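These notes concern the structure reproduced below.
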Amino acid sequence: MASLICIKSKSLSIVASNIFAIIASTLSLISSVFSLINQHSYTLDYLVGFPFGKLELTIDPLSAFFVFMISLLVIPVSIYSIGYLKSEYLEKNIGLLCTLYHLFILSMLFVVLSGNGFQFLIFWELMTLISFAFVIFDIKSTESKNAGFIYLLMTHIGSAFLLLSFLIFGKYTGSFSFSSFHEASNLMPVSLKTVLFLCVLFGFGTKAGIVPLHIWLPQAHPAAPSHISALMSGVMIKTGIYGILRFVFDFLSPFPSWWGVFVVFIGITTAVLGIIFASSEIDIKRILAYSSIENIGVILLSVGASMIFYSFDQTVLATIALVASLFHSLNHSLFKGLLFTCAGSIVSRTHTRNIEKLGGLIKFMPKTAFLFLIGSLAICAFPLFNGFISEWLTFQTLLTLYELKPGFIKLIAPVVASLLGFTSAICAAVFVKTFSGIFLGIPRTHQVHHVKEVSYSMNLGSGILTLLCFLIGVIPFMLFPLLKNAASFIVGLDSSSNGNLQNLLTVNSRFILLGNNNFASISPLAILIVLIAGFFFIYSFSKIYGSKLPVRKEETWSCGVTPKAEFQHTPTGFSQPLKVIFSELHTPESFYHNYIYLPIVNGLISFSHKIKPLQSGVLQIYLLYIFLALILSLAWIKL
Amino acid sequence: MDINKILLLYSIPALAGFSVLLPKNKKIIGLLQASWMVFSFILALFIVKDILSFGFMSMFNNSIYLDALSGLMIFLVTLVGTIVSIYSISYMTNEVEEKIQNIWKLKGYYLLLNAFVFSMLLTVTVNSMGVLWIAIELSTLASAFLVGYYNREAPVEAAWKYIILCTVGIAFAMIGIILAYYAVTHVGGMKSLGLNWDYLVTIAHKLDPDLMKVAFVFILIGFGTKAGLAPMHSWLPDAHSEAPTPVSALLSGVLIKCGIYGILRFAIITNLSVGNDFSNKLILFFGLLSIGISGIFIITQKNIKRLLAYSSLEHIGIIACGIGFANPLAIFGALFHMVNHAMVKSLMFFTSGNLALKFHTKDMEHLKGTIQVMPVSGTILLIGGLALAGSPPFSIFISEFYILSGGIEGNYWVASILFLLFLLIVFGGLSYHFLQMTIGPLNNNVDSNISSTKYKMSKSGVVSMLLPLVLISILGIWMPAPLLKLLNEATKIVTRGHMI
Amino acid sequence: MNYNILKHLTLLLTHTGLLLLFAPFIHSYIKKIKAMMQGRIGPPILQGYYDLIKYFHKETVASNQTSWLFSITPFIVFSTTLAAGLLIPTFTSEEFIVSLGGIILFIYLFGLGRFFMTSSACEPGSSFCSMASSREMMFATLIEPVMLLPLFVFVCMYGTNNICETVNQLASKGVALYTPTYILSIIAIFIASLAEMCRIPFDNQETHYELTMVHEGMLLEYSGKQLGIMFFSGWLKQLIIISLIANLLFPLYTMPGFTFASLCFAVIIYLLKVLIVSTFIVFIETIVAKVRLFRVRDILMTSFIMSIIALVISVYKGKGLGV
Amino acid sequence: MNVTLTQFILDHNHESLSSYLVGVVLLVSILMSGCHRIETMIRFFAIQSLSLILIMFIAGVVNHNPHILIISTIIFVGKCILIPTILMFVLKQIQINREIETYVALPVSMLLNCTLTALIFAIIPNIGIEKELHVLSSGLLSTSISVILIGLFIMMTRKKALVQIIGLYVMENGIFALTIDTIFEMPNVVEMGILLDLLIGALVMGVWVYRIRQSFETINVEELTKLRG
């Protein structure tokens, strides 16, 4: 699907390879849209010389949706990277970077298209390895080394879980084909399914970055080049979501309702903790990485809600919840792509990721500032932008959980929903901090004074994403057929209840309506009109009735002293109150290192040191080992 | 015609051994050796082809017996031999240039190398278990000189331990063989054929199970010492780390697999005699122990070659687990793993050898950020390290996958999960060390060392490193039909011992 | 159809007009009552209007560090507040624009305005402004869940997301609506609203000491028209929240017939409700002191817990746990 | 000659003759474990081998095995002449003849080995292996196991590299005894191969002892503990 050609000549190769990427992803975009609309599933087989090694590519609405998502992000990111690579990596190994870039996209596409567990695993690991290569691309820095190691190890642990679950599936079905996995669920006892579910959840959750398996994410994303971070954060971690959806709904159904509750619980934990971690960060890319963790939590919330509905046979509601999660995945990929590309622009101009060293960039990079502002608004889920629509849907699905019978679910539904509100409030705080730290105020260091706006293609790439964020926020109905097809496919909604779905979820150009009893409704276009009307009303009012004098520019008042950059609140200071009030929740990242991972690692190391004397170097003792092994084995016979 | 081929195969090491004595130029010696080995490899391919078309062949009054299993091993021995010979050209030339050794020592090296290869070829082709024993012992004696090649303190120590431990181990194996032979004579088997593998297989069901159990334990411990299964592995890190790099590759790549081969041959007979469970569980236990111990030792390892040696221990453990899981899938995986491990481990030893030549140290504390100094070797070290640790898309992952799936298929839940856990630990350790070595800032202390060395990798060095790399990458995604057939046939031979 | 549009348009215009007209009034009213309770005379009852006129005629001075963002912020804050105002019932609980959105949109519109306000406050590079905006964001993170949960309890209980619809359902219940759940939720909403309106005990709008100012602190660098709009938006927000509480608390006569008399009557009822709630707010302001900044969390947490209790009661109603 | 010899053996109660020889083997091994002169150990080794070969020879004669003369002659040349010669040569080269320090004091080790042997002699007939194994003589079986263990014991308690080799060969002799006892003889090729291996082994190990002496200036394996971990 994506062509892989890299030309050796540097700047030409950037343009050429990215144009290839654009063309290829446009093609895959179109094909995925077609397959989503037609709801076709078809499989392509290629025989390879292994017993399980049939190359099966299956495209069904779910994978088509993810292909759609990947391609949609790849196009602007490729445009962006034309300029980005030229400005940043010209003296480095461009050819390698471009090849890896293509391979990365290809592996992501193949992951979601795989119709075979074995092959899925291979591409899954390939995707990890290639992104790992990006993480360590800056081979001289210690930071990227550590990030790379943690990334590699964590994802490998995740893959081990996956491997185990695939093998258990393989045992029950006698094949690694997904189509046979699909039929396996009836054969398995519930307890085994639960084990599988947990394996899958932890396996994919590591990739998706659920707390506490997220530790690789805030390290790996900053270390990679920015256009790659955009892809990693935007779509790569979503393949984890894809895996969870694919397994839970396709292979493990039916399942008990507590699975869903568990996922909701994990989702809200991830969302809250992820964003609280972000609040104290001052590295722009780490902030974005943590915010990705939060958004994964939000996505998992509606996935969990959908699972709960599904286990109560509320297929229609399950579909709606899934629509919410898929929609939020898509939206997150767009605005996170936007934010990462903007961050890349900033870093490429100022050569620092520390927002405490920036400030006042809005005067030097107005376009980037505008794009970043829109991205921030979208990620905080403010109305008019895409994040709002999907988060709104997530809210609604959580609230509809109240319709179910068990009191426990009734109880958690509003609480979880309000906690979701809490995360988005903190998110707003975080992005106010980030945006104002980078772009507003007086420049904090000299390096900011001479920066210039980034190249045209970089802004074009981010601009497309901005436009998409806005358009989806205002006219989301365009996307709903795609979302609905993908979601209803995976939930197994038959066409007879499709009408039911229409009743429950009405989406048209004017509004989105949920529930038959006017449960909730929203009208993005109307909001836009109202806001514009309000804006112009007050604007014209102040123009007509207000003073006609021009705005006078004076120095900022600072008790009579010339204002200096040091007078301002630093981003750290900005988030200090948050840090104080959430000091209980604010388990810093090191908490996981100190209490979960380090004990294991240190235990292993100290065990290793303790066991070292066994290899004492004394020949006689070695002979004793052999002898003991012999005696014990002989004793084994008698057992 | 077959006889000619196998005779030729035997005689190549001999011929090579003599021919390397003649020339004076060190390069020509190396090239000569390499071309002989390439020739033997081609010959081995023909032999394998014959084996595949005939099923099995026995000749010389039944003293040589070739089936798919031995075909696989011949393939492996000659392949690794070839790669090692190619690598030796650049490595040894460099050593001579750095006055670490002289031309006569070089000739001695090649002579011993050939003796070593010969003994291994003998090991995998003979029919009689007794001769197999002799051949394995011969390989110990031949390789001991190679291990202690540098004649300094550490290599001598390593060689001494190697020779003593392996000989003691092998002595135990002798007891096992005696017991087996006794079992044969006891049931009135033909004395002259009593140790022939093909004969043993036919009468295995008649043999006294208790006796065979005892015999198998002795064989397992004996050949297990040679194979380097924990806790009999103690010689392995010493020998691997002190031997010249090409020899380490040969030791790790094929020698320890010859031990496994011995165990495997005997396990087939034992299984036919006493049933499936006994031998497999024992092998599985030792396999898991090996992986676990290697993981623990890898974590805090400081010497790169010892690290690789422990990784060999791990892989031997993996192979043993594959055999122990006793499932066609797992055994296929184990046999495939032999090939993969031989490739990757040679690759890794070569790379580490290059680093050692450049940095004059094997201490990983000083080997940091090597990718900046040696881009090719560093990159290969990283990729190879990942492959070694079992990352897809390299073939090691595939074989481990097969082994694990075999384990799960056979309901070895605890063992499979332990297997996975240990592999994770090993993965963590290996990836940590390899990342430390390749990525990141350079260690300041070594700067002066680097500038003083004029080591530059020659073409043959690159070829010898690229060859295994390409092979494992290709095998990771596509397996050629003959190899598949060979592995399948070999699997059938091994599973023949599994009771129905 | 035409009639319907006409009716809605009328209602909409009345509604908007009421909000815009009465916002300064309520502000001055609260000030006046408060002064009276403290034994002062206080400013005139129309002081809000005078202030607005004054600001609009003053020259605008802006910091030289500011950019376009600073100047458009007042307009955006105003328009988001106004849009939020369209979501709540005032004298009528009929929906003005069909399905504009529910409580989530309501809260998020405030959030949007707040985002711009806090960002712009950071723009001039003044330490007071940015400190205020940092504190404002801290409040916001606490207010949002605390505000949302009781509202969600209503959503769950009455099966609708729309505030007007909720009020209608409340109205249909009569006196029976004052259940423990309801009361607890209303209290929770009230506490959160105090914070949202920047009132004591959370924030003191009348303070003149920069270090303690939160909402006012963000406006330090604004002047002239811009300051006027900002103040106006703040008062508007205050009125909107008071209206919300008033209508939730007394869902009386919220569906007037479409005649002039009944509309007038409804407006008067509405004003009464608003005045009662404002007086009550003044009362609270007078008797409690402003709390320390970091104690805010505890008060709001209490409110959150209260709504959780409300929820538990409503969920386990039939199981012997309350009414 | 063959006939007369056979007659002689048959006349003189071959079983008791073998028993004497078995006793010699055992005694020699125990003595070896308590011996501190390396030269003496080598001689003892030769005597032990000779006794074993004699046992084999007698058994062969009794069972009318025609090959036995040739085989035992070859083994005799190998084990009683060549291997001791090689070891003696090495000994002369390294010029170290005594072993003073051991991990276990020599008299104690003799005592221990006596106990060990006694234990094995007590256990082996009782666990019923004899009944199943049709061995030449039960004493020889116990002896062989004892000798193997004593060999291992020597290897584990001594510090001199050369003594370890001797220990190894004692073990080898134990295995040889086991062979005689159970299967009597291996196929010829194997038998010769093993002997060849032993010879080469003696040579190779001799070379290594010499090299250890060169590199470390001692043949104490205590020094050889640098490689660890």
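Labels for the chains are A, B, C and D, by order of writing; each one numbers its residues from 1.
Quick note on the criterion: a contact is a pair of C-beta atoms (placed from the backbone, for glycine too) under 8 Å apart; a residue touches a chain by one contact, two chains touch by 3 or more.
Fair warning: this is a prediction, and the values are worked out from it, not measured in the lab.
Averaging Cα atoms per chain gives one point for each, and the point farthest from that of chain D is the centre of C.
Distance from per-chain Cα centroids to the pooled protein Cα centroid is smallest for A.
Annotation: 35 Å between the Cα-based centres of chain A and chain C.
Work out the mean CA point of chain A and of chain D, and you get 72 Å between them. If you average the CA atoms of chain B and of chain C, the two centres end up 77 Å from each other. Chain C and chain D, compared by their mean Cα positions, are separated by 102 Å. Taken residue by residue, chain A touches two or more other chains at 612, 615, 619, 623, whereas all remaining positions touch fewer. Contacts with at least two other chains are made by residues 160-161, 164, 168, 210, 237, 297, 300 of chain B.
In chain C, no residue touches two or more other chains.
Touching chain pairs in this entry, ordered by label, are A-B, A-C, A-D, B-D. Residues 160-161, 164-165, 168-169, 172, 210, 213-214, 217-218, 220-221, 224-225, 231-232, 234-235, 237, 278, 282, 286, 293, 296-297, 299-300, 329, 369, 371-372, 386, 391-393, 397-398, 401, 404-405, 408-409, 416-417, 420, 423-425, 427-428, 431-432, 435-436, 438-441, 476-481, 484 of chain B are the ones touching chain A in the complex. Chain A contributes residues 48-51, 53, 118, 121-122, 125-126, 129, 136, 139-142, 144-145, 148-149, 152-153, 156-157, 160, 163-164, 167-168, 170-171, 601, 604-605, 607-609, 611-612, 615, 619, 622-623, 625-626, 628-630, 633-634, 636-637 to its touches with chain B in the complex.
Interface residues of chain A facing chain D in the complex, by the touch rule stated above, are 612-613, 615-620, 623-624, 627. The touching residues of chain A, when paired with chain C in their complex, are 359-360, 362-363, 366, 369, 373, 376-377, 380-384, 388, 392, 395-396, 399, 402, 407, 410-411, 413-415, 417-419, 421-422, 424-426, 428-429, 431-433, 435-437, 440-442, 511, 513-515, 517-523, 526-527, 530-535, 537-539, 542, 545-547, 549, 551-558, 563, 565, 567-569, 573-578, 580-581.
Those residues of chain B lying in contact with chain D across their complex are 63, 128, 130-131, 133-134, 137-138, 141, 144-145, 148, 151-154, 156-161, 163-164, 167-168, 171, 174-175, 178-179, 181-182, 185-186, 191-192, 194-195, 208, 210-211, 237-238, 241-242, 297, 300-302, 306.
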